[in-house]
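What follows is a set of structures for review.
Next come two complexes, and both contain chain A; in the first it sits with chain B, in the second with chain C.
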Partner chain A sequence: MDLILGALGYIFDPVNWGAGAVQPGAIGGLLLEHLRLTALCVGIALVIALPLGFYIGHTGRARQFVIGFTGAMRALPTLGLLYFFFTLFAFSLSFLPAANLAVVISLIILAIPSILAGAYSGLESVDRETIDASRALGMTEFQILWQVEIPLALPLIVGGIRASVLQVIATATVAAYIGVGGLGRIILTGIGTNDYDRILGGALLVTALALVVDGAFALLQWLAAVGTAPRGARDTDGDATRAPLSAEPATQQ
Partner chain B sequence: MVIEFRSVSKKFPDGTVAVEDFSLELPSGKATVFVGSSGSGKTTLLRMINRMVEPTSGQILIDGVDVATRDRVQLRRSIGYVLQAAGLLPHRTVLHNVATVPLLQRTDRAKARESALELLDKVGLDRRLAGRYPRQLSGGQQQRVGVARALASDPNILLMDEPFGAVDPIVRAELQVELNRLQRELGKTVVFVTHDIDEAFLIADQVVILKQGGRIAQVGTPAQILSAPADDFVASFIGADKGQRDLHLQERSGDDGLTLVVDQDGRPTGVLASSRPSAPSEDGTVS
Partner chain C sequence: MSTAHRTTRLLVGGIAVGAMVALAGCASADPTAPADSADGATGDQIVVGSFAFPESEITMEIYAQALEAAGFDVDTQPNIGPRQQTIPALQDGSINLIPEFNGNLLAYYDPEYTERTTEEVDAALVQAVAVDGLQVLDSAPGEDKDAYVVTRETAEANDLTEIGDLSALVPFTLGANSQFAELPYGIPGLKDVYGVGVNPGDVEFLAIEDFGGPDTVQALTDGTVQVADIYTTSPAILTEDLVVLEDPEALISSQNVIPLVSDAIYTDELADVLNGISAELTTDDLIALRDRVEGDEKASAGTAAADWLEEKGLLE
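Let's look at the complex of A and B:
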């Protein structure tokens, strides 16, 4: 109990939020840094994984290869990757660029598999009849992708991004091991100085951040699902009194 | 729009021969029905017209132009297509579904909407359903939306792949009658696929009975086929061999002088209309 109170004491002590906060810096700044790092890595992962996932999901090509490959990617320990890339880049870059680059690349590798899986499994979940009908109507492959597959797969696509964001927020703490990153540095400073308030305080901050962001994505995913399965979708009896959405009352017979 | 098959064959990659050396002309403005059991290649034939399936050899011509020379997307937009499961887009409203093809062709949105509403009238759907989503409709309503959507670009050709296969018999009969009405009104070249011979006889100007591998067993008007089945296969397919088509009249006591129409097995199929005291109804009329 003391430990938790101590941790909360650390988190809510205004001194630790102020501009002059000592090692490793003001909490607000670290929080923002953590979010910025997450957004950057997930953003780049999206640019890589979404088009690839759409390609696999739409064509069914390269499926086995990519599934195997991303499975292997998932198994890579991020901390190991981090040290590997850092050592590699340290040959040719100075400390800070090498550290930052190593962190970003490791986290991108962590973020890709979930996004990719969400994208291709989302597209694969779309009813084949619907796609066949769309093609028969004269949609181009690109129109099928944008107007049919992606809208219908949206809940699963967002789900994949959500999982990936959560993983990156939690794992970005390891960046502190090579002296960069956000909230992880609070924990690491705590370990270095045997300050348990800081260790737990930092961990709680990461947890809280993860929960808040996950909540936001849960909302987004819900909205995507509402878009795909419109309200009252289970209502199959002929309730003719419902107000029309887009037909003008004036044009009714 | 005359559609002509010239020795068309289709062999799928797995070795199945769906259609072999099929040649036939489908007259313009008439309804041609391909009827056969599964494996007769009827759906393959239909889907070759809008290049959803490419023939292995042979040609398909629409008004003398080989479809293989036409852009697939443009070709498909110029041909209406109704599927068994309606194939409506679940995330779009009825109105948006009907307007799909005009919107793909960049028709003005307001105009596309207005003509979509008119199409709902044409297929007998209440305009108030325009804002609904497909899942909020019954199977029969969904099929009507499917027909409206197929008519939206005002195509000259309408392809229908067992469109009424998934709805119950009562709604089915209703839709069949409606289709006949629409066909009289619009005069499209209709190509219709079914395994139900009665449906074929009801809708068709020209019936094509298919055996395995798309071989033609008989082509003709319903009357020609009913009166003179080409062979045993056709006779059995249309039920003539078991006498299901040999109807005769029977008067039973206790029927107030009504005359029953029964088949070979004595199964009543209707009542002779002229035997009714006041007989305004067409039900049971034997033609």
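Let's look at the complex of A and C:
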């Protein structure tokens, strides 16, 4: 209990949010650094993984290969990747560019599999009859993707992004090992000085940040589910992707 | 199908029985029991321990081989964890001797210790370790401690020889583990003792969490930081031609290599051998020894130790 009180004492001491904060500096700045790093890495991962996931989900091509490959990527330990890339880049770059690049690439690799899985499994979950009906109506493949599949798959797509953001927020703490900022620096400074208040305080901050961001995504996912549910259907539990656009009523499924 | 199943089951059963017999055989010879000391007419076996890093293992080998050459019955026990494990191991007799560092050993007994020079620390240690039935012998001039390190170019361009000269270098960036920003011998001490960094922005800090290892050396040599906390026995000091700034005000506590022995095993002959080693072991020797073991040669700790003892004529 004392341990938790000490950690909360560190977090809620106004001094630690201002210029006179103990190492590694004001908590607000570190929080922002952490969020910026997360946003950058997830942002780049989205640009890579969403189009790829849509392609796989729409065409069904390369599915086995990509599922296997992303599964393997999930198993890579980010800290190991971080040191691998850092050592690699340090041959030709100076310390800080090498460190930053290594952190960003390792976290992108962490972020991709969940986004990719959400995208292709979302598209695959769309009722085949719906797609056939769209095709029969004369929609082009591109129109089917944008106007039928993606809107119906939205809850699962957002779910994938949500999982990926959560993982990146939690794992971005390792960036501090090679001098890149974020909340991990609080934990590592705590370890270095045997200060359990800061070790636990930093961990609690990461947890709180993850929960808040996850809550925001839960809301977004709910909105996506509400948005994709057919008019009149009161399906708000995130399972709306199964709601058919065809003539059959949902109860007969 | 069923016969195949039965065959498999029989096989598995057979293996299990075989394994049990084999294990029962082991039970009669307890691998953790103390080694046979039937021939120990001259006294008990001395077990030399070490911490879990190469430098400690090298010094352990030096002690063990020199004692063996002097006729002692010696065994080694490398890779023991931190002092929370080594001190109890010395007390219960699992090991009897370990190469220590005087400053850190004193810090284990008194975290708030104020002694800084080798003489002060050694003197304070005598009392401190006696509580646990242990004693320290002579410390070696060789020490492995935190140091303010710059590249040869930086040192020559700014005429730097001691820590206080860093005033000429401000503003600069210092790279070290994060705790260096607040430990007394780190940035606060730099300001209070040497007056470096009195103005805000004079000393920027970059946290690199590898204890003065390759990442820190990289940041120093590529100019990301101008000053770094690198330990005095780091082989990089030799290979990268780095300059360790002198510390005339004794900001950083001494960390001389010092033999720590249990009272139970102490004899004057033992002390003579170990003090003879301490008299010869310098920081440069430690750097060279570490470079052989941790550098490209990848020599074993035993080989490096044997060669050093040979070179110093300590194997008589």
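Structural remarks
Keep in mind that, in the parts below, the second predicted complex is superposed on the first by the 228 of 253 C-alpha atoms of A that agree within 3 Å, B and C clash if a C-alpha of one lies under 4 Å from a C-alpha of the other, contacts with A are read in each partner's own complex, and residues count from 1 in each chain.
Convention: contacts are C-beta pairs under 8 Å (C-beta built on N, C-alpha and C of every residue); 3 or more make two chains touch, one makes a residue touch a chain.
These numbers were taken from a predicted model, which means no experiment stands behind them.
When the two complexes are overlaid on their common chain A, residue A:227 makes contact with chain B while staying clear of chain C. By the touch criterion stated above, A:148 is placed in contact with chain B alone, chain C being left untouched.
By the touch criterion defined above, A:95 reaches chain C but does not reach chain B. Residue contacts after overlaying the shared chain place A:14 against neither chain B nor chain C.
Contact with chain B, but none with chain C, is seen for A:134 once the two complexes are overlaid on the shared chain. By the touch criterion stated above, A:176 is placed in contact with chain C alone, chain B being left untouched.
In the superposed pair of complexes, A:188 makes contact with chain C only, with no contact to chain B.
Contact residues on chain B toward chain A in their complex (touch as defined above): 47, 50, 52, 73-78, 81, 83, 85-91, 93, 95-96, 100-101, 104, 113, 117, 121, 126-128, 130-133, 135-138, 149. Put simply, chain A touches chain C in their complex at residues 22-24, 86, 90, 94-96, 176-179, 185, 188-189, 192-193.
Residues of chain C that touch chain A in their complex: 175, 177-179, 181-183, 206-210, 215, 218-219, 222-225. By the touch rule above, chain A contacts chain B in their complex via residues 127, 129-130, 132-140, 143, 147-148, 151-152, 227-230, 232-236, 238, 240, 242-247, 251-253.
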